[in-house]
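Next come two complexes, and both contain chain A; in the first it sits with chain B, in the second with chain C.
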Partner chain A sequence: MAVLTIAAREFRATFNSTIGWLVLAAFLFLNGVFFLMWLTYFAEASAQFSGGAYGDVQLLLSEQLFAPFYGNVATILLFICPALSMRMFAEERSQRTLELLLTSPISTAEIVLGKFLGALGFVTVLLAGLLYGPLLLWWWSTPDIGALVTGNLALFLVAASTIAIGALFSSFTDNQITALVVTVSVCLALYIIGAVGDQDSIWGQISILSHIDDLFLGGIRLSDVSYFVGLIGVFLFATHQKVESYRWS
Partner chain B sequence: MQFISKWSWIFAVVGAFFGAIAVVLYMVIGELGTVGTLLLVAGGSLFIAWAVFDKDNVQAGLSTKQFRYGSGSVVVTALAIMLAVGTLVVTTRHDVSWDLGRAGRFSLSEMSAQTAQGLQEEVSVLAFFPEGSLDEQLFRRLMESYQGETDLLSVDFVDPDSSPILAADNDITNAYGTVILQAGNRSQRMESEFGEESFTNTLIRLFSAEDYRLCWSTGHLEIDPDDDQTAGGLGFAVLKLEGRNYSVTKSSILTDGIDAACDAVIVAAPQRDWEVAEREALAEYIAGGGKALLMIEPRSVPELSADIERYGVILGNDLVQDPEVRGQAIDVADKAFVIVLPEEMALHPITEQLNGPVLLGASRTVAAARGVQGYVLHELMIGSDESWGETNFERNPLEDPLAWQPNLDTERVGSVPLMVASIIADPLVLGTVSPDMAGGLVPGGAVVVAGTADFARNDLYVRGANQDLFENIIGWLVDDEAPLAPGPSGEGDELYLDFVRLSIAVLTAVIILPGLAVLLAMIAAVRRRFQ
Partner chain C sequence: MSMIEVQNLTRRFGALTAVDDLSFSVGQGDIVGFLGPNGAGKSTTMRMLTGSLGATSGSVTIAGHDIATDARAVQRIVGYLPETPPLYTDMTVRSYLRFCAKIKKAKSPNQAADNVIDRVDLGAVAGRLIGHLSKGFRQRVGVAQALVHEPRLLILDEPTSGLDPNQRVEIRALIADLAKGDVTVVLSTHILPEVEAVCGRVIILHQGKIVAQDTLAGLSGADQAVRVVVARPSDDVGSALSALPGVLQVKALDDGAYRVEANDDVREAVAACVVGFGLLEMGRDQAGLEDVFIKLTRSDRGA
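Here is the complex of A and B:
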């Protein structure tokens, strides 16, 4: 229960601030531009090939529009999520309210989970703001609902992972900018590290990108899900250990 | 000694640095090697040196509360990481996938799934790949998909370098990979392509009761079945057939006659006319229950074209024109390039499963004879409502496009027939059967006559439903029990974006929704100011 109370408090705090809404506006605008870009590209290609009527080119909204668009969204989340997570513990430490929180009858796990879910709730609102895309396309064409569901699941998992990573680095410092820079750097490394080897190499297994490709196209692999669950679990657990250390340091 | 103790932390830093390099080397190369081992030993030695020289500080540090709690924390976090990595390794090796997409990118095609589900006895697959290679990983995933459809498929992966004796026993010479399928005494090998289509074809071939032999007529400037390099060759089509249980052999009917062992004769766009003896040899072969695919180009081989009437098929001496110019969608603006849509195809085993258009090319009309007895005739496809068979080859549509109209009195106009399948129910209708053939007449001979070979050319073969059409014709002729080509899977999405729709998208995506968020930001700011 305490988890939900903390999550609701964090969620409300974000939307009570001007910054929260401005982040939402910037997120929607940027992704709106990308969406329009892919939409017009697909429409032109569709007109050129008559939707694959001649067989050699088979255009699918899920593959030629939403997959690259969601790729753009994931890249933007790479910067938005660390900006959300940077204040989680760094702000509490700089304002010296963490001690207050730790002396309250709430466990460290509840604090960490509550803050994580609060930030994740905000990101969920951001992602929900992009649902106009599938809805418009559902009105005008026949998008692949299954691929759209898995594509949004991929974005949700990427956001959750990035917030979990950000939570750990926020717990290490009282400087939000430091937390932001380190988190973005680590997430960026996790994105691009797959380029070092092929998808089945150790680098590909570490990389976030190689675990979202299939999801964007409608395929859910147990290994991809376990990657994200493991990533989120490890970073939240490490955050818990770090915050817990403030009790006895 | 004090000096060493004071600066001994440098040993720890350098030791950690060496250790990190060794780990990175291991991750990049896949093994430590001499350099990596030396670095690891040097790093460990430096760490021990630090602990020895700075013994007092290290002991004091180890006994602090922070260290005791902190080391415990590090250990449990390391355990959590190991648990996560272990889970990832296990799930990667025994991956399970669900395909929610309509395109079926992560599941087998209908034909492959049917083939796997139809297995009646156990098939063991011995896959020789270098361990960890990309081909091995992809083939492993493919096998997981097949094993999801049947319990009768077992797979063993073998690294030829690790098991050289087993590799030698199986004559493995390909360093990149070889797959051997075995069922009872039968076996088949895959040595180059390891994809889904290739595996399904090999599986079909493994259980096929017989191999089909196709005889390719030569000696009249026909299209070369071995030409898979030029646009006009038919090599792709032949390679695809050979990938299944077909063999293609060239033969000259004039010198060798037609071997009764031929399951079908293919005549691919001859440019030099046939001799009487050759035409009679073909007729005798068909009368004996033989099968043939005759692809006769416009304005070629007039005597053979006329002779084909004995099979109940009339070849027009014309060139089909289509004012709809459907080829524009594939950058072919030629009115004589015929494209046939699925709704213009007959409900016949050859064409009924085709769910894409056929890019036929430049064709002559091919019609079933009317009011004739002894045949079962099917016109397989027709042109558009506006198509016609132009008989004046001297006219040039580029010179006078407006006058490019059919001659309603002399030319076949509207929905012109383009391909015919003929079954010879009564071999006597073929007429010129020699007396020694009288006892060998077998009803059921068949020919498929097309007014062009363009649709099977290398440059058009993989487009539209052309490959399916060609393979279905051959499969129907030889009575192949293997599933016929299923046609392209799924359909593409179409999106038409007019001004209104584009305006709605622009307004929603970059004005209304972001604007609403900015408005709410302003409201939040005002509320905070007045709170």
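Here is the complex of A and C:
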């Protein structure tokens, strides 16, 4: 119950903030442009491949449009989610409102989980705002609904992980900008670290990038989903420990 | 039954000992004032009473619940106003108080919020954003937040700081009103008249230690003290006053003023006694607590 109360407040607070609307606008605009770009590319490529030297080749929407588009969205999420998570605890610390939560008869776990869910709710609105593009395609074609679902699941998991990471760094500082910069750096590192080795190496295993490719193409694997769930769990637990430590410092 | 039981409470921040081996108890329905200079450990002690800060050692028991093991039970019955009111400036007064009522587990949260808005007289600003309110209103919203779940113990850290005299009087009246309803109140302040106006008992802190705890009268050195000013001061005035029944001590002050300490109300006798020396002024002596406070908390004390 208290979790939902805190989540609802967090969700509304994001809509009450300038940064919330900036994020919403930037996210929808950039991704709108990307979608248009990939759609144009897809249309041109389809025209080239049909009836060409290779015969009639059908390009798949899921492979040639959704996957690269969602790849772009995921990259943008890496920058935008930290802007949502940065205020989570840093603002409460600088405004001294955390004391209200810490002296209320609710557990630290409820505080952390509530704030996490509130931010996640906002991201869900963002992702829902992107659905119009793919859904419009039904007018002309029948895209693979499975790839659409798993692609959005992947985006949701990337966003949730980034917010969990952001929650931890937000809990370390009074300064939202510090939280933002550190979170973006860590997420970016986690994203590209796979380039150090191949996908089966340890670097590939801990990289976000190597766990989203299959999801974008419609393949759902337990190992990929549990990677994200684990990542979220570890960072939320660390955040919980940090917030709990406020009572001792 | 005692509401607060504190035993050997100590809190260190690194090398600094902010609260040093504090023991005291507060009875149900009491109004107790924490008095002390800045940095005496008032806020730290209050934070430990509310569960927002853990103790280094010692124990805090509130209404029979140990705060170290049963903090949630304590927090249900404690209302707390920190030094800086914890306000979300992007919310309206009403939605903020509803939020507070919910997380503090009030029985019917929306009703509780409306009730406290009436009680603290916030009806006129209930729909406004907290960020747009004046300092006095913000402080009142802070008090409302502490009251919203009808706590049995109220802990107020400098509840009147930054308020103008009218607002101070209002807050004091509110506190006195609460105490009538059997709410226990612990408040900190460094405004001495405030303590005299509302508190039944005072705990004076200095450098993390209790240097005095007593009723106001007890601290002033006598149950009653009267200050008189006469037109023609002389040794005779002093000796005449000392001879009155019930008088413990007479001090000659500057400009013909005398301080008469006694066991009970001797104003009538004093007036009759000094009228021949040209009585100019007379009243209860308010300077007592200030003297005690300064004597006990001078920073060079014991150094």
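Operating definition for what follows: the second predicted complex is superposed on the first by the 239 of 249 C-alpha atoms of A that agree within 3 Å, B and C clash if a C-alpha of one lies under 4 Å from a C-alpha of the other, contacts with A are read in each partner's own complex, and residues count from 1 in each chain.
The rule is short, and it goes like this: a residue touches a chain if its C-beta (ideal position, glycine included) is under 8 Å from a C-beta of that chain, and two chains touch if they have at least 3 such contacts.
Keep in mind the model is a prediction, meaning the values are calculated, not measured.
Once chain A of one complex is fitted onto chain A of the other, the partner contacts of A:T150 are limited to chain B, with no touch recorded for chain C. In the superposition on chain A, contact of A:I220 is made with chain B only, not with chain C. In the superposed model, A:W248 lies in contact with both chain B and chain C. Of the two partner chains placed by the overlay, chain B and chain C both lie in contact with A:N16.
Contact comparison for chain A: of chain B and chain C, B touches the greater number of residues. In the superposed model, A:A43 makes contact with chain B only, not with chain C.
Shared-chain residue A:L137: touches chain B; no touch with chain C.
Across the superposed pair, chain B and chain C both touch chain A at residues 16-17, 248. On the side of chain A, the complex with chain C involves touching residues 1-2, 5-6, 9, 12-13, 16-17, 95-107, 246-248. The touching residues of chain C, when paired with chain A in their complex, are 47, 50-54, 71-73, 75-76, 78, 80, 82, 84, 86-91, 99-100, 102-105, 145. Put simply, chain A touches chain B in their complex at residues 15-18, 20-22, 24-26, 28-29, 31-33, 35-36, 39-40, 42-43, 46-63, 129, 132-133, 136-137, 140-144, 146-147, 149-150, 198, 200, 202-203, 205, 214, 217-223, 225-227, 230-231, 233-234, 237-238, 241-242, 244-245, 248-249. Chain B meets chain A in the complex at residues 27, 65-66, 69-70, 73, 76-77, 80-81, 83-85, 87-88, 91-92, 95-103, 105-106, 132, 134, 137, 329-330, 339, 356-357, 359, 462-465, 488, 490-497, 501-502, 504-506, 508-510, 513-515, 517-518, 520-522, 524-525, 527-528.
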